[in-house]
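Each of the next two complexes has subunit A plus one other chain: subunit B in the first, subunit C in the second.
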Partner chain A sequence: MLHAAAAVSCLAVLAVFLFLLRFAAPLFSTEGLAKVMQWRWEPFGGHFGILPMIVGTVCLSISAMVVAAPLSLGIACFVNGMGPKRLARPVLGVVQFMTSIPTVVYGFVAVFLLVPFIRSAFAHGSGFSWLAAALMLSLLILPTMVLVLHSQFSQVEPEVRLTAAALGLSKAQAFVHLVLPLSRRGLLASAILGFGRAVGDTLIPLMLAGNAVKPPESVLDSIRTLTAHIALVVATDSSSGAYHSLFACGMILFLTTVAVNAGLRWVAGGNGRA
Partner chain B sequence: MRSFATIALTALSRIAPVLVVCAVAVLLGFLLINGLPAFSTQLFFGDTPVLAALTGRVPVFDGIWPACVGTVALVVLSCSISIPLGILSGICMNEFTPAFLKRPMVFATDLLAGIPSIVMGLFGFALILFLRSTLFPGAKTGLWLSAVCMAVLVLPYCINTTRTALEALPEELRLMGPSLGLTHEQSVFHILLPAAARSIMGGVILAIGRAAEDTAVILITGVVANAGLPRSILDKYEALPFKVYYIAAQFQNELELQQGFGTALTLLCLTTCLFLGAHRLRKTVERRWN
Partner chain C sequence: MKKRMQIAAMLLAGVLCFCGAAMADGLDAFKGKSGTIEIAGGTAHIPVMKEAAKRIMTANPDIRITVAGGGSGVGIQKVGESLVDIGNSGRPVSEAENAKYGLVSFPFAVDGVATVVAADNPVEELTAEQIRKIFAGEITNWKDVGGKDAAIHLYTRDEASGTRAVYWKKLLKKGAIAPSANVVASNGAMKSAVSRDPDAIGYVSIGHLDKTVKAPKLDGIVVTQETAKDGSYPVVRKLYMNTKGEPSGIVKLFIGYVMGPDCVDAIIDSGYIPTH
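Showing the complex of A and B:
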């Protein structure tokens, strides 16, 4: 029975992969690929290009990382000795609690708080923008990144604490010269995991980014990501030509997941210290 | 030795916690201020008498009761597939699988855990297209499809939590079984599993929370805005997270907006309770082994 259960679980992974592959199959030819890899998305005109969405996904996830990475580094350092001891636990508690806040709640609150703020502060467009989505997305991926960093730092920091103190280093100097260089794997792993989460999230870009199909010119412009694109097109139920491009989006997202996992494995290397 | 890097990191470690804690406080405060006034039987049942609505005799039109029932149905269905399957697979992978098979299986589980939920929804959508073109031309999206996709989505969490719980057990406990002359199976089921049960429970509760809050999967596998109570697993249904999303996108008046805030707060309470439950279980486990 145990073996049957394990077999079913593995079959589930295979099934997901095979179904995506089966429905994305028409794309694996030069003309199929050319049909999808173009800039025009006009489902009623027979143009099913998803390049704008790829650009959208890349822009949004990288900008969310740029905001979230330094913040999570700061928090992880604060929790592991750079801040006052009695504040470390509450701050870590808040971060752990953040993992349990539903994505759709983040999106909902931002629609009525952040979006109007951006609209009035910059007086440009509707406020549903790359900026709004990037800020909320960074808040969403932050706990993942902090917790990975924290598990690394909490192993490394006690090991070097005495040495650093004996050398007369301050806490900050100990982090810069000892803990961070020793935690390279953890830093990389947290970045990769955070990036994976940012690419895969649907609700934040769907609710906040405005979903216009064109490459953005400024952070106040509206963009559409691959994930939001899938949700929008399935919901509006267009022709079967559009479906093929959907599975292209799904395939790209799946391959990103594979790359993220391979990256994590590569970072972890031989010793399991990442 | 005071370089730019140390000054920057010091500043960062001061600013970042304040900034993030404030951001979360503002978001939740805004939700509480707007959501608490909406919290009443009116929010859940609209103008329908409460008892009649609870027993399902009178349909509820302007409350979130059908969405609550839909979410509970979805969670119960998907978890009754994924939890037993996940725990059994986890036990099997950790205790009864030869090493050469274990590595690809762990990789597959990690891969499944990383797949974006919208891709899981797309898998469900592909399943429907496939069923339509082969066995069941009349196949439609609905509660059953969402439950299947959601089960696949939370399956890796159940597997991983079981595996890590078993791996974290102290070495003495592993030696106890053989030293008492138990077989490996007896040792696993009578010593290791009972010892790991609490941490497995903790992980399972988090998986339930995930099934309750995920929106992307159900968005494209059968949830709708107005379906009433689901009558069978083939029906369309309503769900709390979808209600929140729908109101944010399509609200028409102040009253609906109020309902949106109330729904978001309800969902947040639900996930927070699950989170706290899991947290308590974890705490007792830590105290036991350290």
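Showing the complex of A and C:
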């Protein structure tokens, strides 16, 4: 039974990969690659460049990580002894609840509250921006990252608590010098998982980032990610070049996810705990 | 009180009889038939398809009709691959698509595409030339077209959109759209984005116009279904049903019903102009 389940899921992933490879194949000639790897996206003029979308994906996912990583580290430390004990459980409960909020709810709320706020607060652009999408995306990936960190800290922290206290270390010192170095694997795993979610999310950038095909000049500019690009273009004429260029986007996303997973495995399978 | 209830009941019964009588004729063709019809594609078509499907299925429960969206491109692709019986599109089938699939198209309604701005935008009228320059990014401030001193926020649709296709071809004359324009994924999303952004400009199907947004006059012409119908407002398109080869059986009957006199009210109620 277990073998069958494993085989089916492996085969499904392999099938997706082969399918993408088969349809993206025409693009991997030198001519096809040059067609896709350019800055201009004007499908009616024969330009199918996806570089602005690659830049958009990189900008958005990294900025979401920059916001979410310190926050999740702070929350994980807070619930593992740094904060008052009686607050730890409610905070953790809220974080666990956040994992169950559908993405579309975040997007919808932000369209009504965050986007008009950014529009009026900065008086530049329409509010549909890199900034709006990055803030909501960081909120989306936060619980995943906190929970991974929490499961690591809740193993490590009790082990070193007595030793640290005996050495006269304060709680903060114990965290900085003992718990964090010992949790290196958990830190990396949470970063990789969070980054994977940030790269793969479609709805937040589609609803909030504005989807302009242009590398951003400021965080208030409108950007388009690869995922939102696929969602927008997939309904187009299926025999057009625009449609076929989507397979290149799919390929890049798929390979990114594979790379992230391989990274995760490498980290998790590393020798020893340090 | 009791009397009032009776009157209400009688009125209701009368209305129901009237509706029944008015609708019975075109639906007679479906008598004794059974089977399923699957429909997918353009999102503008959905209200009309759903209403027609509801009437037919009410008159004859042996017929099942399912209506799905997906967009014009998806509709053509699905019907071409024989995954559905009718694939709707808000644009004509392209030559490449027709060479691949061999589709037959049935235009049943005309829809206009209107330029829209926020309801409280003071601009009442724009020329086609001004709109072209705005979308090309040459005019970037509302004060240059008689509005307040504020940057113009451009909103456009994705390339798969039939609404964009007609607006780009007939109003923008295939001119450039500034790459900084925000892109939204549907007529509904366009309306909600433009209605909440006081400096926005975008475009929606006339069927979607309501008081949350304003359609400025185009070269002095008021934008309504009437001006679209009599041809004075030029930015119009047809809504098509497509089948793979000539339709037969209940699919043919369904298309006949939508194209016939009994579906005219459903098309008008959805905000479109019947072609017949």
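As a convention for this text, the second predicted complex is superposed on the first by the 255 of 274 C-alpha atoms of A that agree within 3 Å, B and C clash if a C-alpha of one lies under 4 Å from a C-alpha of the other, contacts with A are read in each partner's own complex, and residues count from 1 in each chain.
Note that a residue touches a chain if its C-beta (ideal position, glycine included) is under 8 Å from a C-beta of that chain, and two chains touch if they have at least 3 such contacts.
Owing to the predicted nature of the structure, the values given are computational and were not obtained by experimental measurement.
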Fit or clash between subunit C and subunit B when superposed on subunit A: clash
Partner chain in contact with A:V111 - subunit B first, subunit C second, else both or neither: both
Contacts of A:D221 with subunit B and subunit C, given as first, second, both or neither: second
Which superposed partner A:A198 touches (first subunit B, second subunit C, both, neither): neither
Partner touching more residues of subunit A, whether subunit B or subunit C: B
Subunit B versus subunit C as contact partner of A:V234, first or second or both or neither: both
Partner chain in contact with A:S126 - subunit B first, subunit C second, else both or neither: second
Touching partner for A:A212 - first (subunit B), second (subunit C), both, neither: second
Subunit A residues contacted in one complex by subunit B, in the other by subunit C: 111-112, 206, 231, 234-235, 243
Subunit C residues touching subunit A - in the complex, by the definition given at the top: 70-74, 76-77, 94, 96-97, 100, 151, 153, 155, 158-160, 174, 179-185, 192-193, 196-197, 199-200
Residues of subunit A defined as touching subunit C within the complex: 41, 43-44, 111-112, 115-116, 119, 124-128, 206, 210-214, 221-222, 224, 231-240, 242-243
Residues of subunit B defined as touching subunit A within the complex: 1-3, 5-7, 9-10, 12-17, 19-21, 23-24, 26-27, 30-31, 34, 84-86, 88-89, 91-93, 96-97, 105, 107-112, 114-123, 125-127, 129-130, 152, 155, 159, 206, 209, 212-216, 219-220, 241, 244-245, 247-249, 257, 260-261, 264, 267-268, 271-272, 274-275, 279
Of all residues in subunit A, those that touch subunit B in their complex: 1-3, 5-6, 8-10, 12-13, 15-16, 19-20, 22-23, 70-75, 77-78, 82-83, 87, 91, 94-113, 139, 142, 169-170, 172-173, 175-176, 196, 199-203, 206-207, 227, 230-231, 234-235, 243, 246-247, 250, 253-254, 257-258, 260-261, 264-265
